[in-house]
Structure formats: C-alpha cells, structure tokens
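Two complexes, one shared chain (subunit A), two partners (subunit B, subunit C).
Let's turn to the complex of A and B:
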C-alpha cells in the first residue's frame, strides 16, 4: 500500500491542482445551474445539477456506444491540445487552432472527394496528408510573421480564424460545390473515409494516440524538441547557444498548424464525411483548455482530451433530458482555466501545499506581447 | 513574328490599364463617399471603444485579451436588462437601465481581471482567454435558458440623432457631418471619450502616474505612487468602456442578441491599439481604418462600379471583400508592430520587494 502511494506521489503532486480545479469547477457550475433554474418554466430545482451531471456521465461513459462517442470526440481534441501545447513549449500561444482546423478539414474533404473512388489504402492517407498540409500552411503564416516582424500570434491567428471561415465559404460555394444538394457542401468522400475499428469508433483515435507519443518523443528525445523548449524558456539564451529562434518559431507554428489540420482531417474523414460552411468547431477553444489542463505535457493532454471529449459527448443527452443548456460545458471549461491560472484559490479551498502551478512557457508568451521578435535583437 | 508583336502590344495595353483602373477606382471612391462615410463611424464604434479599453489597460501595464469576452457579456446583460424591464418600464427607460447594466458588467469584469492580473499575479493572457471562454458559455447558456424560449424581443434601440436634411444634403460637407452626427448617442460619445482619454493620459497627473506604473512600476512605487491602485483603476475604467462597446452592439446597433455576436471585434481592437502605438487618438484612427474596410465590403455590393473597373471588381468574390478587414489587420500588424514600442512593463505583474 505504501509502495503504491510512493509511486503515485510525484504524479499526484503535479496532477492535484488540475484535479481539484475540475472538482471546484463542477461545484460552482452546479450553483449556476441551481440559481438559473429559478428563471425557467420548470422552476427552482436544487437537485437539478445532480440530474444533469448524471446524464452527462451516462452520455459519456454509460454504455459501449457512449464510450465510443467520447473517444470520437476526444480524438480531434488530442490533436488540437497537442497543437496548443507544442506552441506553449516554444513560448507561442496558438489561438489559431480553430482556423487551422477548418483549413485542414476543407483540404481533407476536397482531396477526399476527388479520390472518392480510389482504394482506401491510397485515398485515405492522401486526404489526411492534404489536411495536414493545409493546417501546416495556415500555421506557418502567423509563425513566420511572428518570427520576422514580431506580430503577436494571438491577434494574427484570431484574424486568420475569421478569414478562414469566410474564404472557405467562398471556396465551397464557388470552387468545389457538389451538385445535387440543397446547401453548399463538398462531394462525398467515398472510399477516402477512415475505416472503423469498432462501433462508430474510427481509425482517427489510433492516429491521435500515436501523435501523443510521437510528440512526446519529439519534445523529450530529439534535438529539435530541445531547441523548441529552450526557445520557449529563454529566447536570448537559445540564440547565444547557437540556436535559431526565428527558424524554431516559424517551424513550431507550422507543426502546431499541422496537428490542428489533422484534427480537422479526422473529423471530416471519420465523422462528417463532407465539408460545409458554418460547421461549428468547438475544437478551437476546447484545445486551449485541454492544453492548459494537461500542463502542455503530451500525456496530460491525453487525459485532458478524454475528459473534454466526454463533456462534448455527454452534453447533448444532458440538454435533451434535463434542459440544462449545453453551454454549461463552456462555463465549466472557463472555470477550470480560472482555477489553473489562479491556483491560489484552489490551494486555499483544499488546503493543499502543492507547488505553485507555474505555466512558465506563458511568461514568454505574455512577455512578447508588445511585439519583440523572438530574436530579441534590434533589426 | 506577328504573334510576338501582338503579345508586345498586349503587354503595353496592360501597362496603361493599371493607372487607368486606379484613376477609375479613385473616382469610384468619390462617387460612393456619401454612402460610405455615414456607416464608417458606426462600424468603427465598438472597435474604437474596445481599443480605448486596451490603451488604458496596457498603459498601466496590464495586458487584456479578454476585451472580446467583456464586450460580449456586457452586450448580453445590457440586452437582458432591457428585455426584462421593457414591459414594466417602457422601452426607453428599459434601454437606459440596460446601458447602465452593460457598463457595470464591464466594470465588474474589469475588477475580476485586475484582481487576477494585479493581485493574484496570474498569467494575464490565460486570464483573458478564460474571460473569452466564460463569456461564450455564460451568454450562450442564459440566452438558451431565458431569451430563446420566451419568443419575444428586447427593448429595441436608442433612437439615433437625425441631422436636418438641408445639412445632410450639402455637397462634400454633408456626408462628413452625417458621419459624425447622424449617429446614436454611444457612437457620438466615442469622439468625446477618445479626446478626453488622450488629454487625461498625456496632460494630467493621473495620466503621468498611469504611464509611470506601465513603464517602470518600481520607480513609480519608490516615489509614492500606489502601483496596485493605479492599475486597478485603469483596468476597471477601461473595461467599463468595453462594456459600453457591448451596449452599443445590442442597444444601439442591432437591438437583438446573438451568440458570439462580437465576432472578433475585441481582438481587432487589440490590433488597433498596436497600430495606434498605445495612444487613444492613434487607436481611434486604426478603428476608423478597419471600419472603412468593412464599409467598403458592403458598398461594393450595394453600389457596384461600372465599366472596366466594375468587371474587375465583380470578378473578386464578395467573401473576399468580407475577409478584407481581417487580412488587412494581419498585414498592418506585421508592418507596424516592429516599429512601435509597447509600455515597458506591459503584461508583467508587479511584486513589491520582500514579497515573493
């Protein structure tokens, strides 16, 4: 017993603040649900949160199908969480996952549709590759601008998110609209679809878990990973050590975009089967929460993605059966981030003497706010 | 041989076509000016107010990327107040109450952001991200719970001021007058707020103190300026102004609430702050530029150009015009940012010595 505790000790030391944050977030969201129930037709109901959370749990882990749904929702979040997390390691805050997701989704859908009759073994990898390339290009743009001019990625990626939505609407309308449908969408992907591995679980989850371990290997075992982490921790030191912060910054955003593009690709090739303008992607903001909750660590991101995947999978059942709006998930997410950012609250409430949560990478992100290029040098 | 000559002539014609098209474009701009000018300020208003919030925050050393979320929350709670009081108070008092609630919402969220950034010393970008996600969640949640099932609308909008027709129809001066005066009260207040902020920031003791805590908090502290209080006040006042921007969206511009209706304006405001080099007037000009790009996207649809220019402009899909403001922001940011310097302590929490 003692041995078991000793082995879990270090993990728990890292994980306890995130776990307590989740508990506290659910508790406060419960208060919100109770108070707001007074304004509905059903009237004040102090037990409503229990009913809602029970439905949430049933919808996400209550049956084989529910678990499959959770994993299907978790797969793009793993890619998205890795995209944000990898950026954070290099001191970059990629809020552009939403846009890179859309570009990747569109590229995969268009390529998949054009290869619809080719054998899956050829068509599916090519469509995935197209999604990855689309996301990578769309991540490269803000990365290059940040590296060269110091334009902060937080603002440029948000602008590119809005632009992606509009330009892809145009692309579907004018370039690749499939005939015979009442609304603009791309043609069916046919043979390019990801094969199922059981129930409605598609191969994307396997790719996502592989990406988790690949990213972990990249960060911990390769020179590039070391450079990424060094640039994130201290750009000046990295430059004096002979690394190339400009190159690393652009490259990291490109890889980050690539991962986000893959999230879009598996969503199209595994779930929706086509791209239509206005497909709502909650993946963008969810990925930020996943990365922050997972402390930018690939294994942490794995668990955080499954948790938020469960929220997304279970929420519709909760809304249908207890009429608690689906948006309560966003509230819980915001609260989790709040408690991670202000871990002081968590430590007071639970009286833990946990080490202070230092999201050290963020110091570089915030520090570069005014637009100092990562080289730190005057140009 | 003949083919080559034809090609050469074609290239020459193209060379002449560019200046001719440019001239036609300038003439076209003059032609649509009366339609373009009046909507620019309206489109720029929420961005200009958001940018003012950003300037006040960052001048005192606090980065606030949650402006988007604060606007959205204020827009919603202002609308909700008007919605709830419309029947008992009547439309106009309900709107006024909504306005007050929107500004108060902004100030309260400003207090939260200041507490996180100044007292807790949390990471300011994460705090702002939290604000944005929370705003989407809270407004979406309450909208679905309260407003959608009721099936009724809000309290309407504040009536805009109407310029006498004789003035509005004056050549040249008319459109400019109506740009500034044919507006609702919030849009008109923007200019006053911008000028007052510019004066306060650069000509008063308060402004000097604000800039001091933003540039060198330690030096400010040693001469007896209360760094925490100065930052708190600037963040709260700034966010109250962002609340006014939210009120503009629901209570002056549209009269309705939609989920996520701020649609990136809070982030464009941040770009305007950088464009305007952290000055109220500069960021206002940035907001006007953005408003112009957006207005242009509308005008090319409503009043298409004719002739050769018209053919060219119609060959560009309308979605590209709609994306223009966003792409323009990226380009401006990339071009301007390297040459403008933020306040030195922007985004860095201040800790008194001896306190870990």
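Let's turn to the complex of A and C:
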C-alpha cells in the first residue's frame, strides 16, 4: 500500500492538489456545520457533519434515482466545464459561459418549440444544433474582438453575459412569449425533448460523456488541439512554428461557446422543457469551478462535474433529514476553488512539493486581472 | 589584519536536490579581501547553487560559511544583505517603471520625519557612489529606458548602496556588448580598489583570464582546481571545466561556395515601435558558405532575421530563395521551401517549455507527414513523432531524464540542442542562425559549431547572426558588419581582423 502514489504516477501528480482541496474543503465546512449547530433548535452536535455528509452521499449515489439525479445535474456541467477548460488550454479565460449557456438554451427552446409536433428524430437534433450554433455565435464575438483588437476576453465576456440575460428577457417577453402562462416563457418543446435512457435520466448525459472524449481526442490527438495547446502555452513559439494565434484564439472561443451552448440546450431539452428568464443561472459559474477542479483536463472535468452534480442532487436530502442548509454546499464549492487558487495552502497542509513546470491554466485565471498582455493579438 | 585574510570562506558545502542530483559536493571556496575571484564552470556544474546557498536562497545539507573568520548562519537574503553580501543576478531584479534612484533605494528608503521619502538625499548619495565607481548615471532616468549595460550598473549600485562588501555577479557579461563588457570591468576594478571583494561567475574563458585574481573551476558539483591567470591558459581551463581536451578553435576546411541561395535586396523594415531599423539591406548567401553578421545588438540584426524567416513584414525590398521571390510567403511556406531558423531566444520562440520532448522536436513540422495524417492530416501520428524524437535525441545527444520530460527541465545546452536538432533537417536549403550558442557551455558550443560546419559542407547556405564577435570570426567564411540598419562593411574571413571589424561595429566607419 505504501507506494500507491508512485503507481498512480503522473496522474496523481496532477490530481493531488484538487483531491486534497476537496478533502480540506469538507473538513472546514464540517467545522462550520458544528459551530452553526450550536445556534439551532437541535443544539450543539459535534457529530452533525458526519450525519450531513452521509445524507449528502445517500442523496447523490444512494439509489438508482439518486445516481440519475446526480448525472442529470452533472451533464450541463460537463459541457460547461469543457467550454471553460478548452479556453484555458488556449490561454483564454472564458467567463462568458453563463451568457453562451443562455443563448444556447434560448435557441434550443425557440427551435424546439417551433418543431414541437415534428418527430423527435428530426426535432431534437435540430434543437440541439440550434443551441450549439447560438452558443458558438455568442462565443465567436469575444473571440473575434480579442483576435482583431486585443480586447481582453474576461472584460468582454462579462459584459456579454449581462447583455445576453437582458436581451433574452426582452425576447421572451415581447417576441416569443407563450400564451396562457402567468409568467413569461417560451412554448413547450413537445417532441423536441431529449428521450430518457432510464429512470429520469435523459440522453444529454450520453452526449456530455461523448463530448468529454471527443474533446480529449481533439486536444491530444489532432493538429488543431496541438495548435490550441501551443498558443496557450507560448504564443510566440506558436507564431514561430507557423501557426496563426489570432485565428486559433477566435476559433477556440467559438468552440468554447458551442460547448456552452450545448450545456444550455440539454438543460432545456432534457430538464425544463422551456426557456424562462432566470433558469439555472448557476451553471455558467459552476462550470468555471468544474474546469479548475478538473485541471482543464477532459477526464478531470468528467469527475469534477459528477462531484458538483452530486452536490446539487444530494443537498436537498441533507437539508430535509439533518437540517443542515443547502448553502453549506456553496461553502464547500467556494472553499475548493479557494484552495485551488491558493494551492500553497494545500501544499503546506499535505506536504506536497510544487510542480517543476507551472500549471498554465491557473496562471491564465489569476493573471487575467493582472494586466497580462493579450496573447493572441497580432503584432 | 593583512590583505590576504579571507573575508569569506565556504567549507564543505554539500547540497543534494530532492531529485537526487548532487549539485554541490563538499565545495571549499575562499574569497580574500580586495580580490576578484572567478567561479568557472559549465551550465549545471553547481555555480549558481553554491551562490544561492551563500545568498540564503537555499539551505546546504552540510558545510559552513565563515565571514571574517566567524561562522555565520544565512537563512534568507535579508541575512545575507545584513552580513554585507550583495548579489547581481543574471536576470536583473529591477522595477522597469521606477527611476534609477527609486530602484536603488527600494526597501532602504531615506525618510524625513519618519514618513516622507527624501528622494533628493537618495539621489545625491547615488551620484556620489557612481562618481566613486567611475561612471555617470542619471538618477531620474526610468530603468526601462536604459540599456542592459546601464541597468547592470544600477544593480551594482543597489548592492553597494546596501553596504555590500562581498559582491556576487552571476554571468554579468552574458547580455553585454564588447564595449559594455570593457566598461563593467573598469567598474569592477574600481570596486576592488575601494575594498570590495568580488565573486565573478562565468563560463567565458578569456574574460575570466582578463579580470580575475584567482579562478576556481567547478565541474559536476566539485572543485577541480584553483589557478591564477598567470599560471594557466584557456586550454587548461577548458579542459578542467569539461573534463576532457576541447578544441577552442573551430576546425573547418575551406568553403566551396557555389550558386546564390538566399538573396536580400534593398530590405527595409520597422521595429515594434515603428522606427525604421532596416534601411536598405543587401546581402547574398551562397550554397556551402557561412556568412556572419557582426554588429552591436540593436542595429537591425533581429529584424533582418525576422524578415527573412517571415516573422516580420518588410516595408520595402525583396527576399529571394534560389531566385524565387519569397517576400510575401508565410512562415510555413518558406519553411517548406527549405528555410530553417534557430531563433535567438530559445525559451520564447524555439521551445514550448511545458511540452514534452517529442512535441518540441516536431514543433515546426507538426502538420507535415508523417507526423500528421488521417482525416486530411488532422490526426497526429504519435508513433511517428516519438520515433523521430528518439532518433534526434540520440543523434544530437540530448540528455533528459526521459523522452516525456518537459523541455523546461532540460539544461540550456540541451534545450538548444533540441532546437538545433529540429531545424537541421536534411532537405535544408538555407539555415538562419540567430545567436546559436548564447549562454551555452564550451562543450555544447563545440558540438553546435561542428554541426553547422557539417551542414555547410553539405551545401547549405548559412547566415549567422551573433553578438559574440569571436563566434562570427571563427565560424564565418564572409563577414558583414551591420550598423544602424545598413551593411557597412564586408570582409573575407582571411582579411577580417578583430580590431577592424570591432571599429566598424562601434562607429560604422572604417577609418581608424
């Protein structure tokens, strides 16, 4: 047992800080739970975290339904996590997943509603495509701006997030509002819905897992993936090697937006069935957390998305049975990201040696506000 | 106290890194008062480790440090500074947007009434200090507007200002022109007269022989000898350093140039700030000859090379390869026609440091067969890439812990070998070398020079740009001198005397 770390080798070298961050986040959240228990009706209970975490586990993996719920929540996070992760590989921090998600969701909802009576085999793929296209267009805009003018994608995507939310609220209210409802929403998607593959689990999870492996293949095995990674790691060397960083930057943002749009599409076509202002707004930002926790690696993102899906799926049971509020999950998620960003803390606590080669993804994120030069901009 | 008592002694310093490398193996070093003591060794010999221990950046596993005969513990750079040790790193630690004075006093500001910065007093002291050391510097100048030579003086001022009696200079001449080197030597001699003891780290033999009072040579973490310049010579020092006899002179036969391969006509270009840096450059390189471009850095050499390989768009003139106009072709297209390029900055342009060796070995050919194929060249062929990497690593003797190691973990010499191995392909027409041996040790330089000559003899047209005049003189069959964006002189190898070329580099005029 002694050398299990050695046997895992390079995988463990990349995964250890994320894994330790999760452990540390649960430990600190446990303290929060214990301390806050003193102020509740039930009174001080040092064992409450164990009960709470046990219910969290039961609610997320304890039964077939629980697992299905976890995967349903994880599927859009896989797409969203890939969107952020792919951007980070190219040295781009796409904060705009939230906006691209909304545009994709709206496009899928509007297309799905207009094809509500067509056969699923035709309607569903078209609605998915519409979602992908919507997200791609909305990702292309900041990509083009960065490539042409050097405008930093963090700034432009934050602005575009607000623009997307407000424009779509107007569109739902004044353009495509379905009659007969007390609140603004699109019409029902009917036959365009994603079919179920078992229990309440819809086909979206299959698409999401496929996207994980497709993205992995793209990054590891194709020349485009090599170009994306080279531009992200060293744009000067990319230019020297004959690549076009400007083009790669715009293309990567477009693909990133496409993935985010698909996250929105499966949420509409698999879960809600319609678009209404304010739906699942958390996916956009949870995707950033998922990508960071997964170290931008598609397989890492797969596991991170399942973990975050499990949080969402298991939290209600935890709250019902132990009175520990759902918000504890937000604390854990926030702590995970905190420890990933300040990985020195984790390295101290668990005596992990710093890597020889800097992990570029976190540098992209933390450097985004530090005035790093626009990497993809033309000279 | 006599003059010869050591001010600093390092005894039995041993440091083993977590990776298992024994970087320092029981090293003894003593520094006398008013001495310039050179520390000579190849890259990775352990010079920097030893100095980082002295400066408190690393903790030794064994050994002790004595200052003025008393053992001291140096836990961090603050300790080192308090004990009068100053360090000038190879990469300057200055804040570019601050002035000279602000940089010098940073952390040791003079204040009035406890709170207010007294920059006037600081500037006065800096002027006095510079006067004493025999150079002038404007304390108000912003550091990012100074030349590298001037920035280095700021670093020295900073150390002396903090009361350094022992000054460590890590490869101080690596970035300097011959003139600047001569000037900095003057400053160091003045410092010695003032009573400062200096450790001078270098791997340049001629410089060490010129400036040092004593020379200690380190190889693979061990001291292999201490000499005075009077009792040794370049050949002995090189042999001590490398551990075998090294030929310092490049051994090359006569060149047999044939047809013109590369032709540059009336080339004009601007730099990143849109200043005209190339003002009509004409040159030709024939198959089977090495044309060297000498010049003080910043006279347009970088832009010339960038224009030839396609990284910069010329504003005028034409480039021809075997008679074909390539002025408007992309980098890829030129590479396909047989232009290879070894860039000056291997870490910025030549390599992707986090990537593995195979990915770096095919960096400029990643989209070509057999490294890409399937789906119209979209899929990378890992076995072909690995095969090529294995072949090149063996042929060019690239030493790495494994093929999957990141390029960042390689020594500078091995990194450069990766770039050279990749660019020295067989279907080469012309080879553009920009500072091909900058920062490399004697052994690697010898190896790369041999490879260049081999390519020349195989009929490749070689254009060599180097800030090291000796390299240009040793290697080239024809020598061009660049000055302010023009070629101002051309010499055949036999008639190029060091002084003549040097004068032309410095003034742009041939009269003496």
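One rule holds for everything that comes next: the second predicted complex is superposed on the first by the 336 of 379 C-alpha atoms of A that agree within 3 Å, B and C clash if a C-alpha of one lies under 4 Å from a C-alpha of the other, contacts with A are read in each partner's own complex, and residues count from 1 in each chain.
Keep this in mind: a contact is a pair of C-beta atoms (placed from the backbone, for glycine too) under 8 Å apart; a residue touches a chain by one contact, two chains touch by 3 or more.
Just so it is clear, the structure is predicted and the values come from calculations on it, not from any experiment.
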First, second, both or neither for A:233, with subunit B first and subunit C second: second
First, second, both or neither for A:223, with subunit B first and subunit C second: second
Touch count on subunit A, higher of subunit B and subunit C: B
First, second, both or neither for A:149, with subunit B first and subunit C second: first
Touching partner for A:241 - first (subunit B), second (subunit C), both, neither: second
Footprint overlap on subunit A, comparing subunit B with subunit C: 379
Complex contacts: residues of subunit A adjacent to subunit C: 221-227, 229-230, 233-234, 236-237, 239-242, 353, 356-358, 360, 379
Contacting residues of subunit C [partner subunit A, same complex]: 18, 272, 311, 330-332, 335, 341, 343, 348-355, 359, 363-364, 366-367, 372, 377-380, 382, 406, 408-409
Interfacial residue positions of subunit A with respect to subunit B in the complex: 32, 36, 39-41, 93, 95, 141-142, 145, 148-152, 154-156, 158-163, 166-167, 169-170, 173-174, 285, 288-289, 292, 325-335, 337-338, 340-342, 344, 359, 362-363, 365-367, 369-371, 373, 379
Subunit B residues within the subunit A interface of the complex: 63, 65, 116, 120, 122-127, 129-134, 136-138, 140-142, 144-146, 149, 263-264, 267-268, 270-271, 274, 317-320, 322-323, 326-327, 329-330, 333-335, 337-338, 340-343, 346-348
